[in-house]
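Which chain is which? They are A, B, C, D, E and F, in the order written, and residues in each are numbered from 1.
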Amino acid sequence: MYFYKEDLINMIVPDKPDPAAAKVLQEALGGRFGEMRTLMQFSFQSANFRGKAKQYRDLIRGVMIEELSHVELVQTTINQLLNGSGDEGVGNNGEDGAPLDIALENVNPHHYIMGAQASLPVDAAGNPWSGSYVYSHGNLVADLLNNVMLESTGVLQKSRLYEMSSNKTFRETLAFLIVRDNAHQNAFAKALETLGVDWGKLFPVPNYDLNKYPECKKYVDMGFHNAQFNFRLDETRIGEVFQGPSPSRNKEPLQVVDPPKGYPVPEMPEMPNEHAPGLYDLNS
Amino acid sequence: MYFYKEDLINMIVPDKPDPAAAKVLQEALGGRFGEMRTLMQFSFQSANFRGKAKQYRDLIRGVMIEELSHVELVQTTINQLLNGSGDEGVGNNGEDGAPLDIALENVNPHHYIMGAQASLPVDAAGNPWSGSYVYSHGNLVADLLNNVMLESTGVLQKSRLYEMSSNKTFRETLAFLIVRDNAHQNAFAKALETLGVDWGKLFPVPNYDLNKYPECKKYVDMGFHNAQFNFRLDETRIGEVFQGPSPSRNKEPLQVVDPPKGYPVPEMPEMPNEHAPGLYDLNS
Amino acid sequence: MYFYKEDLINMIVPDKPDPAAAKVLQEALGGRFGEMRTLMQFSFQSANFRGKAKQYRDLIRGVMIEELSHVELVQTTINQLLNGSGDEGVGNNGEDGAPLDIALENVNPHHYIMGAQASLPVDAAGNPWSGSYVYSHGNLVADLLNNVMLESTGVLQKSRLYEMSSNKTFRETLAFLIVRDNAHQNAFAKALETLGVDWGKLFPVPNYDLNKYPECKKYVDMGFHNAQFNFRLDETRIGEVFQGPSPSRNKEPLQVVDPPKGYPVPEMPEMPNEHAPGLYDLNS
Amino acid sequence: MYFYKEDLINMIVPDKPDPAAAKVLQEALGGRFGEMRTLMQFSFQSANFRGKAKQYRDLIRGVMIEELSHVELVQTTINQLLNGSGDEGVGNNGEDGAPLDIALENVNPHHYIMGAQASLPVDAAGNPWSGSYVYSHGNLVADLLNNVMLESTGVLQKSRLYEMSSNKTFRETLAFLIVRDNAHQNAFAKALETLGVDWGKLFPVPNYDLNKYPECKKYVDMGFHNAQFNFRLDETRIGEVFQGPSPSRNKEPLQVVDPPKGYPVPEMPEMPNEHAPGLYDLNS
Amino acid sequence: MYFYKEDLINMIVPDKPDPAAAKVLQEALGGRFGEMRTLMQFSFQSANFRGKAKQYRDLIRGVMIEELSHVELVQTTINQLLNGSGDEGVGNNGEDGAPLDIALENVNPHHYIMGAQASLPVDAAGNPWSGSYVYSHGNLVADLLNNVMLESTGVLQKSRLYEMSSNKTFRETLAFLIVRDNAHQNAFAKALETLGVDWGKLFPVPNYDLNKYPECKKYVDMGFHNAQFNFRLDETRIGEVFQGPSPSRNKEPLQVVDPPKGYPVPEMPEMPNEHAPGLYDLNS
Amino acid sequence: MYFYKEDLINMIVPDKPDPAAAKVLQEALGGRFGEMRTLMQFSFQSANFRGKAKQYRDLIRGVMIEELSHVELVQTTINQLLNGSGDEGVGNNGEDGAPLDIALENVNPHHYIMGAQASLPVDAAGNPWSGSYVYSHGNLVADLLNNVMLESTGVLQKSRLYEMSSNKTFRETLAFLIVRDNAHQNAFAKALETLGVDWGKLFPVPNYDLNKYPECKKYVDMGFHNAQFNFRLDETRIGEVFQGPSPSRNKEPLQVVDPPKGYPVPEMPEMPNEHAPGLYDLNS
């Protein structure tokens, strides 16, 4: 069973609206290698786990729980990037008489038609998320190889997204996720290490230079690339795997730690030209 | 942020394998109106919520948290129905030299090719779950109408599934979910009631006769159709909406209550002919 | 604008339920070359038509209007094949306590979970109909070539479906549609003939032997393979194209004629174990 | 059986080309809540209808027939918005030697590659229409709830689209459809009223202020939001449901009326750089 | 069995990057009528061929082998159009601190997120290629009709694409493919001619004027529209069909000829801001 | 450029028809981890390759060429399993008057409706192949990790398929492919070894016991698990990577070798009840 506390796992840094950045950030939410995929993949792998080596199942479940917070963080970041991207006014009362004409620009028009300037379960090209992305074959080595590849691709894609806009809202969330995906890459690579693999200098993938992603630095300084947050309310064997030297180049110690303290969920303003929430005169 | 305790929200009742039942039960997991849909729909609606009437957001988030446990329950039930549905043996060593020939019968062959006799993110016809199922338009009335329709369809489909097999593992989970979907139907119908609707005798949909679904009776006796479990670790305003007489025919009082005590997750046996988990000689 | 009279374009011949036949007959409704495709393809081609050669547009629109009746006919035929395919009883009160256990056999389980033993917009393998099937490129020759290919494939698939069950409900509808698709094949092949093509002995495709499809014979005797029904309430130039010798081997004269007189829509019985329509005690 | 008269259900108001508006207007045609969905959903619900309460089936069928004209209206409006959006010339003979370079701007490139500057069965993001959108469960209450939600979403999306461009061709069609979707919302909400629901002040959804959508006003003045057009050539029981006070806030009387008189279908010019229709030298 | 020589079937003409052109050129690769479709369609048709008239199978297989080279050519052309479309720099070190901000313009963002400025198996609107595009029904006439329609649509779409940008890289590849698709149109139209059809002046479709596509002229002068390249290392009966006068208007002789001599595959530069190939310090 | 010789890469062993086996074998052709995926993935990775370390590109291209022969082999095997699975006769002239009633059993009905008892680009559940399966990110490590995972999953799925039927046609092809996928697993694992990884005893995945897959043994005895066939007609640097001790447990030497000698393509009989090829009276 799952429990919830209304806290974001990281802060939302304010900046100007950037709906084009919101469009590409959808990849990190509803893309083939985004947070909905990791959430669902690890959900199926842990529920379908066979046999007694439950330290591996606890590792997978442990990462899965964090992905729930990642989904919420990316949804909230996209919303922040979209908030206020249209003009004031409803119907023909906005600028040029067309307050949502931004939807004809380089944006995802569904952000304005279906979402009320809010996130959607789709990728950067507007394709809906698909269950066919999930890999859960029940062979531990195959599942772990896929997870390593998935988390590596997560970092790779996010380091590419980072370069697409200098918007601070956008970059802070990406930087946090890059470092956390790196930690999850370490988790699954380490699991394979316990089965005999020596990764040499292969990880992390990609081999990013921290100086070029300055927002990442503070999270690395906090050790977030080598930590696994523990969201379990009961015992877990995750520490049997996630311990000892990192499988990444730095070989620093891996550690299971308490979750971040949590950050407030920003309140989203009413959006009359989206009829959202649309309670105006029901309440009057 | 989300937290987890390794407990199922309801018990798994043992019975014989029934892979054909497992195939149709996928609808309740990965179907258009299954638990993955409710989970994701309420996730997006609560993250995308606009305005100050947060009692409604807390209601939606509250149901969403329970859906996480429903997903886990249906995954586990499908696994239980599949466990042991093949013959012993690996390669050409089983009965008739083809231990997995059950996969050529009326089953979902992917349960044996991709899942290791385990659940998948697909529906009863094998179509993968799609992000296009999610409804989150940010207009509170429209979202609530969709949620009422969604939960009604959930009960309707599950009452039809119930009639497809008398397997006890299958029916116990369905009975629990029928009653809980009824509660969630009440939750969203009640929310519309607070906006002025009087539902008359419309609910529940469908209008099922408890005597024909005997497994449901104990959950109704426990009041599960009128209760909303509270999985929040902090304050929530859900009780401002989920209170007073039920919008269903019975008009009994609605109540926010503590979650069930939790039930053990069954251990899944190793499945050599699926090479799951496949650690045999790595460990030797 | 469109108008409607509650009449089927052909009769529904009664026979026993045959849900496996209903499953494959879905191809003729929601398949890549089924009636929903022809309906939508000709709808787009006629609305998107450019230029003054409107006799071709009237031909395409003329066929499109008939496809509306074909959709209705196949929907009704599938329903007839499904009606009564489950047992009596609701919940655990049917045969073996599982009145809908037929849904675990060789059927489309969605016929029982989503449809209430009724038709769906999917194909024989359960894939939903897709807008990507529609061909409307606005080049008249290309569009007509596609239409000839589409109608030829319609006949081909239906002559294969015919061989899958000797159920009379199933075969009568298929026989009618085979002959009508043949007429539409003639319509589009003739249109290309007016542009200079001589088809030789190529048509019809496939080259079916009437004696092997005895139900087809009466429709051929009625001249339905060489006729185009006129459902227009105003003038149409369709006769400028659909006239003269058939482009098929027989070279018989093509003729625009009045629609069939129409056949009654069978009343569908209530289906309590599907909760359909589910009005039982609302009315009490 | 269906019949046709070559008349549009509403006028096409001329204005400049606006291919970006054409792109988003696709949502109203091939989107999840567009006219193809309503057409097909009501087609399946009426063909699959069970039991004797045929006044409801006649209501659903009645709306379905009008949707055929809506599909045609939106197709034609999109075409009008696209007409002339490219430059003159073919091959390398246009402006800058690239007459269709508009297709590299904020448009749907398929409008130029597949359509010959013409409509497609896709949504605003270019996703093809899917049969999985259709809801037809055969439980009357569930089907009606879905229909109310569907028509509400139709109005909601169209009122958002309206704000995206001040193009007159675009807005006139949207205004007409907003008012008609409102009428259909009334139709299904009223049907639920006959089953005992009192909607209070909930409808219409969204609660739009007419002054902000001036093009809507004339249709409201004509009573189009409270009227159901009767396209039946035979008897219908639709009036048993669609009568009495509106379920919307205004409580004005609902009435079944004759269809609009009809408007001419604009002739679409030849488009040489699209090779449409491409009959040039075939005729020479 | 297949063999390979590292040569492109046509040259890549250098020009400036044009990522918007790369986006629409995807249609010719992963679109419904692109090279992946022709490759796979002819692969299935030739493997599934029945009966002794193997001259037709050899024709289909012969075209299929060339499509492999077309896939490679379009992939390489898209890559050339994308190369250098971003700025120098990695992370926050590029122009404006966002070296890949081009991905927020009118491009396919997946070209920068998934591809490392490289081709993808998708169409111009970003929809992934689908197996449902393939037509292989095993009826020779039906298959050939579809192939004629497919190749005609290939030429039609490419002649439209040609008009979208005057980029030389883009146009040279399109011109070559227009002429080759014309040859393949001839191949399948000729095959139907051997079965008795006389096409009159119908082909080629569309009826393009060479003067408007000057890059096509040299390939026509080389006879590429009437030639079929022979990539077989063993005997083939293709010449029994592909011979005699062309079915196109010009009636020139068809001829099986040797493949082009081959052109070098351009070397793709490393792309540090895409972490491609990302071997930098692994090698150090 | 590609060249072709009409030879299968392995023999087709005759046995009885087994259409249910044909249905599941589709996974190895059109499934998420089947031969169409490997073909297309390696096609995109080699065309999109960046930088000078071309030994890796030559390795990827080398495997890609073999996948072309694998596609052909699986297509042919599926056809062999389907051949003769229906009864004799056409129309109502077969057994029970329904010669294709096998299509209502546990088969893929599309094998009889679309294929003429022949292969399709779909998976074991009937889902069409999708371009979204392809992984080509241009980061060499990420691409290689995905390839290792893909080939491992190929072996895993095929070893599960093997257990589903003892049909010899089915098993011989699977055994050959299991061993070849093992070789390709070695190829990509070795490539990562050259970048510093030591795999320990991890490979092969799954860890299958040869004695339980006796058909595999002869291919292992021939060294096919440690060989890479060279289908290049020009120079290749593949041997720079594919050499030295295997990364698998056995550490045997890897070797680039000549392709197999080739096996005849079986002639497929005409299938009158499928109207395939349908040339009967055209030739008379």
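The rule we apply is simple: a contact is a pair of C-beta atoms (placed from the backbone, for glycine too) under 8 Å apart; a residue touches a chain by one contact, two chains touch by 3 or more.
Just so you know, these numbers come straight off a predicted model, no measurement behind them.
S.K.: Please report the smallest number of touch steps linking subunit A to subunit C.
M.R.: 2
S.K.: Tell me which chains count as touching both subunit E and subunit F.
M.R.: Where subunit E and subunit F share a partner, that partner set is A, C.
S.K.: With centres defined by CA atoms only, which chain is the most remote from subunit E?
M.R.: In terms of C-alpha centroids, the chain at the greatest distance from subunit E is B.
S.K.: Average the CA atoms of each chain to get its centre, and name the chain whose centre is farthest from that of subunit A.
M.R.: C
S.K.: How much rotation, in degrees rounded to the nearest 5, is required to superimpose subunit A onto subunit E on the basis of Cα coordinates?
M.R.: Result for this pair is 120 degrees.
S.K.: Would you mind working out whether subunit A and subunit D touch using mostly the same residue numbers, over half shared, or mostly different ones?
M.R.: different
S.K.: Would you kindly tell me how far, in whole Å, the mean C-alpha position of subunit D lies from that of subunit B?
M.R.: Computed from C-alpha means, the inter-chain centre distance equals 36 Å.
S.K.: For subunit A versus subunit B, what separation do you get between their C-alpha means, in angstrom?
M.R.: One centre to the other, that is 25 Å.
S.K.: What residues in subunit D touch two or more of the other chains?
M.R.: Only 32, 106, 114, 122, 126-128, 130, 132, 137, 139, 141-142, 156-157, 195-196, 201-202, 205-206, 274-275, 278, 282 qualify.
S.K.: If you go through all the chains, which pairs of them touch?
M.R.: Listed in label order, the chain pairs in contact are A-B, A-D, A-E, A-F, B-C, B-D, B-F, C-D, C-E, C-F, D-E, E-F.
S.K.: Considering the complex alone, what residue numbers of subunit A touch subunit F?
M.R.: Per the stated touch rule, the residues are 32, 127, 130, 132-133, 135, 137, 139, 141-142, 145-146, 148-149, 152-153, 156-157, 192, 195-202, 205-206.
S.K.: Going by the contact rule at the top, pick out the subunit E residues touching subunit D in the complex.
M.R.: Interface residues on the subunit E side: 20-21, 23-24, 27, 31-32, 106, 123-127, 156-157, 159-166, 171, 201-202, 205-209, 211-214.
S.K.: Give every residue of subunit C touching subunit B within the complex, in rising order.
M.R.: Within the complex, subunit C touches subunit B at residues 86, 89-94, 96-101, 103-106, 108-110, 112-114, 122, 126-128, 273-275, 278, 280-282.
S.K.: What part of subunit B is in contact with subunit A in the complex they form?
M.R.: That would be residues 1-9, 30, 36, 40, 43-44, 47-53, 56, 61, 65, 68-69, 71-72, 75-76, 79, 114-122, 128-132, 134, 136-142, 195-196, 231-234, 259-260, 262, 267-271, 274-279, 282 of subunit B.
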